[in-house]
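Consider the two complexes below, in which subunit A is the common component and subunit B and subunit C are the respective partners.
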Partner chain A sequence: MKRSSGVGIWVGFVAILVWCLLPVVWILSLSLKPVSETAAGSPQFLPKTWTMQNYKDILADGDFTRALINSFGISLIATLLSVIFATLAAYAIARLDFKGKRLVLSIALAIAMFPVVALVGPLFDLWRTVHLFNTWPGLIIPYMSFTLPLAIWTLSAFFREIPWELEQAAQVDGASPWQAFRKVIVPLAAPGVFTAAILTFFFAWNEFVLAISLTSTTASRTVPAQLSFFVGPDPFNPPFSQLATASVVVTIPVIIIVLLFQRKIVAGLTSGAVKG
Partner chain B sequence: MSTVIATAETKAGKAPKAQASDRAVGENRLGLKLVAPAVILMLIVTAYPMLQALYLSLFQYRLTNSDEREFIGLNNYITALSDSLFWQDLLNTLIIMVVTVAVELVIGFAFAMVMHRIIFARGIMRTSILIPYGIITVVSAFAWQFAFSLNNGFVNGWLPFVGGDFNWFGGHWSAMFAIMASEIWKTTPFMSLLLLAGLSQVSEDMLEAAKVDGATWWQRLWKVILPNMRAAIMVAVLFRALDAFRIFDNIFVMTKGAEGTESSSFLTYRQVIEQFQLGMGSALSVLLFLMVLILAFGIVKLFKVDLAQARGEG
Partner chain C sequence: MSAIEMKNIVKQYGDGFAAVNNVSIDVADGEFIILVGPSGCGKSTMLRMIVGLEDITSGDMMIGGERVNDKAPRDRDLAMVFQNYALYPHLTVYENIAFPLRLSKEFNDTEIDQKVRNASSTLELDEHLERKPANLSGGQRQRVAMGRAIVRDAKAFLFDEPLSNLDAKLRGQMRTEISRLQKKLGITTVYVTHDQTEAMTLGDRVAVLRRGIMEQLATPRELYENPANLFVAGFIGSPPMNFLPATVEGDMVELPFGKVKIPADKAERARGKGLLIAGVRPEHFEDASVMDPDKVAEGSTFRATVDVSEWLGDQQYAYIPFEAPPEVQAQLSQLERDLDGESLRTQLVVSLDSASFIKDGEELELYVNAKKMHLFDPSTGENLTTSNKGDSSGSSRSSTTVRANGDGAAFAGAPTTRSAGVHREPGGSSPAT
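Right, the complex of A and B next:
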């Protein structure tokens, strides 16, 4: 398989771009159509008249901005905590020899495949008794549990590749253990930790089942949940433009992260799943 | 003198061993300490509620009148398993799983081939492929729901063989098609990245050798490329199949289960959250968990996926 730039590759290239971007452009176009246009029905791809009014409306909608804050807060806290715990565990798995290493990896794998919906009932019941229902921690705790497997998996694959001998080499050269750790190991491990954090953030940002089941008001409802309740009075004729606008707004952080860190994300996704 | 040397030797021989075992004990202890928080966190939210579900599934228990909790043994399971809705939903779930994974595998492989061989614009390619992966499933569901919508969708206008007034969400199969389109769109990129990683492990020398021996492109694909990336394919199939089996977001947004498009996950959710039937919902949760377990076990056994080996742990 030689690398090439033949006609076939060009066709494939265009096909992939269309595949990936068409629905995104579509939702963007829909968000720029005036409400009156979508209410009357506008099956054409691009707007007849372009407007930014939907963006002004959606950002003035208190429930939506509140949901955005919830989403950011919950996702960031869950990511931070999950990555800290996963780093400790992955370090142990990659570097130390201890009993139960396989068991930990098996538990992580089992939880990665766990049907989240199966937990909704018991968690709903439990969270109401311990007063975690409809709170930030009520979502942060399960998000941590469900992102830990991915983070541990990715991080232990990364850590296994680190040349740990360098730490001792630095100590032989006169560095203190702390210096050796900070100046040698941290820079080597940071990209892996960062990648795990991005993947974890994506999971929390995307999560829907728990977000609609364990919340009841905008006190803790995240954007995906808020969007699904944002249907308006007539369920058969949802407010297309506003929903599309809200969709574009929540997609912006994703696109920024992807643009900045695409190489790291790909490395993280494939290292964890295919080869250590 | 010789005895002195001998004792010195035995001492010298013993000391490192004792030290090593001390070290091993310490390492063992440190290892357990480091993994403990993560393991506890993972189990709190899964193992305990699962046991709770197992227990609750034996009761007639509605949240709205929680005092009237009545032990009914396996009756919830019997009711669920003898209800045709349970089987209809399971069938839907399996159809969605098989169709989406099969389509994703083919398209994802084609994408992976393009990404593997392309020499220009690799950054653009990578960025675009990650956008569907990163986008919120609910947003993907809305985008496709609107695309297929009767009044505001472009699909009817673009597809020559569909009438302008065709209502995609008015029939079972067309609604299932729309749901699967959203699912496939969002997850094919992930599949293609996993396959790309497998593809890059196929040795170029072997391909050259096959070419020199006169193998056609088709033969090289089936006899060299695919067998050599078997591990990657199997891991991708396992992950995606189990993920597709849990399908919920797309159905919730696009049809709310109308036109018989409900999945097993959706049924469980509906019992618990909308109807407060915690007993029956728990029984369905347990059944769902068992099905995922059987499915995972089946795929691993059927395709002989060795995850440890795939990770290079041997």
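Right, the complex of A and C next:
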């Protein structure tokens, strides 16, 4: 009985793995093929000749590396700001009793429900007027606003789970409210902060609509937007291997970040605080 | 170390509900005071007002002669042990204990290390210093919470039901430990509990609260032997005091089981008040057949049929149901609700010598020590038979306990100014510390 269910689990595991990873492997394999192979009518799954030429080309491409820098800068700054604001807001929402608390939460949710596309036009006009068009802040601000609601909701849920007594104990022990927040609450909310940070980073890293509409040059264009300019000389023959290579390159940071933060996102960090 | 004075403290919530109503307690320097009462009586609120986690609606909170009403918790210099310990889970035991010292910025690392190690050896936590709270047992967490309190020289200790999360055996050990620690450090302590064993064994004096009102403030012995009213009488003691309908005629009290003679001075004070409630503790009954006949002759006896008996080895309890008139019945079930209980039937609980061979359903001759009987006014709940109030040492400080009218008190229709302890004691009540 136990054995057969073990086999079942492994079969399911492999099936899901193949389902999820096949496209990734396909992209990886494309990126390792020479252009001649991808242009052929029906390419085989694995490359006939393995080559790193695509990677060399793409990293030598000044526009692409520039976009990569933009992506990193914009995503990291947006994430940082969003997490800082969300932490403070969520703490206030979870701990303080003030009028309009529900309103703040509902408005935050409403922002998250707003379709991004509907804002592109107005933002485009506004940004041109205030000279934010085609700048880093021009993307950082909308990214921050769109990720704040989710971050606030995630974090306030985390804050609510931290026992009140811990903060009160800290205050009795001689901490100012700010010290209690910094030395007790924030370390305990770390899993929540990291979760919010990852979600925000992914959003900013993958965002396309705003990135393509609010930029005009590589001064601020991010990778997803830059990829759409990979057309190659022949409009009927897109440079598949180049696109695949670029995709692999932009995926790597995401994987690294997830692996790094995965350890931080451990549930049950608060266990032991109170009787359990 | 400092004295704590609470003067006419009131805590009223936004909806007008008064969680604490006009309570005054003086805690002398080094004294161990217990706040006890059923859930919702305001004892924890009281403690949280002392420490500053709860605002005070009116009244003065004085610590060491200084009014602290508007001070933040961190400026009051008190140490508190929370019911659920509230340890910092991300810090080791060592850092948990060191936390208040690190915040104060008065000590360098060597001093902190010395103080932490002192506290940890007092509480036998030395081998756990590098562990995280999550890996500790309940008793160890409790000790860490105490360590965090004793590590700095706070003006007073506050305990909020610190033992309620421990199992029975550990609770007994920790109770002794807390008592020993308090004696050793000689520090002013306010301790909140709903457990009367803790209240009776730990406290120099005990304040009994009900619905935000202080019913009596006295030494444990005084509370047990001279309860000011029905509530205190029913709350202190386990199994609780028996309440029986009674009428006084001459020196005789008529109970559902027969007439018993009470001392003349007690009868004097209770005479002519109609239907009363008599209170007799279970241990003041005895199976007459196992007693010295001379002693039986001194008291009164009556015959009753035992419904159920429980033999515990060192003693046994017998339950004897009786019928109570409706007005007493209503009063008693109200009292039972106040005590967080649920009375199913009116019954007498008697504690008998374990040598007595009584069986369920048997009739036996019961002796009652009528000298120890209390008589309560059914409408106000007041104890009519308290011996001369002047000698009730230790309760003088409750003199400001005045019950407001119409506060939903159980003893309906009583426009009472509670007389619980309107008396001066002959000095010398300051507890030994």
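To be clear about the criterion, the second predicted complex is superposed on the first by the 235 of 276 C-alpha atoms of A that agree within 3 Å, B and C clash if a C-alpha of one lies under 4 Å from a C-alpha of the other, contacts with A are read in each partner's own complex, and residues count from 1 in each chain.
By definition in this document, a contact is a pair of C-beta atoms (placed from the backbone, for glycine too) under 8 Å apart; a residue touches a chain by one contact, two chains touch by 3 or more.
Since this is a predicted model, take the numbers as computed values, not measurements.
Between subunit B and subunit C, B contacts the larger number of subunit A residues.
In the superposed model, A:213 lies in contact with subunit B only, and not with subunit C. Of the two partner chains, neither subunit B nor subunit C is touched by A:80.
In the superposition on chain A, contact is made by A:184 with subunit C only, not with subunit B.
By the touch criterion defined above, A:35 reaches neither subunit B nor subunit C. The contact surfaces that subunit B and subunit C form on subunit A in the two complexes overlap at residues 269-270, 273-276. Every residue of subunit A that touches subunit C in the complex is listed here, in rising order: 163, 165-166, 168-176, 179, 183-184, 187-188, 269-276. Residues 51-53, 72-74, 77-80, 82-90, 99-100, 103-104, 132-136, 138, 141, 148, 165 of subunit C touch subunit A in their complex. Those residues of subunit A that touch subunit B in the complex are listed here as 1-5, 9, 12-13, 15-17, 19-21, 23-24, 26-27, 30, 38, 41-45, 85-86, 88-89, 91-93, 96-102, 104-105, 107-109, 111, 113-126, 141-142, 144-146, 148-149, 152, 157, 202, 205-206, 208-209, 212-213, 223-224, 227-228, 237, 240, 243-244, 247, 250-251, 254-255, 257-259, 262-263, 265-266, 269-270, 273-276. Across the complex, subunit A is touched by residues 24, 27-32, 34-35, 37-39, 41-46, 48-50, 52-53, 56, 63, 107, 110-111, 113-121, 123-140, 142-144, 146-147, 149, 151-154, 156-157, 164, 185, 188-190, 193-194, 196-199, 201-202, 204, 207, 225, 231-232, 235-236, 239, 242, 245-246, 248-249, 252-253, 265-266, 268-269, 271-273, 278, 281-282, 285-286, 288-289, 292, 296, 307-308, 310-313 of subunit B.
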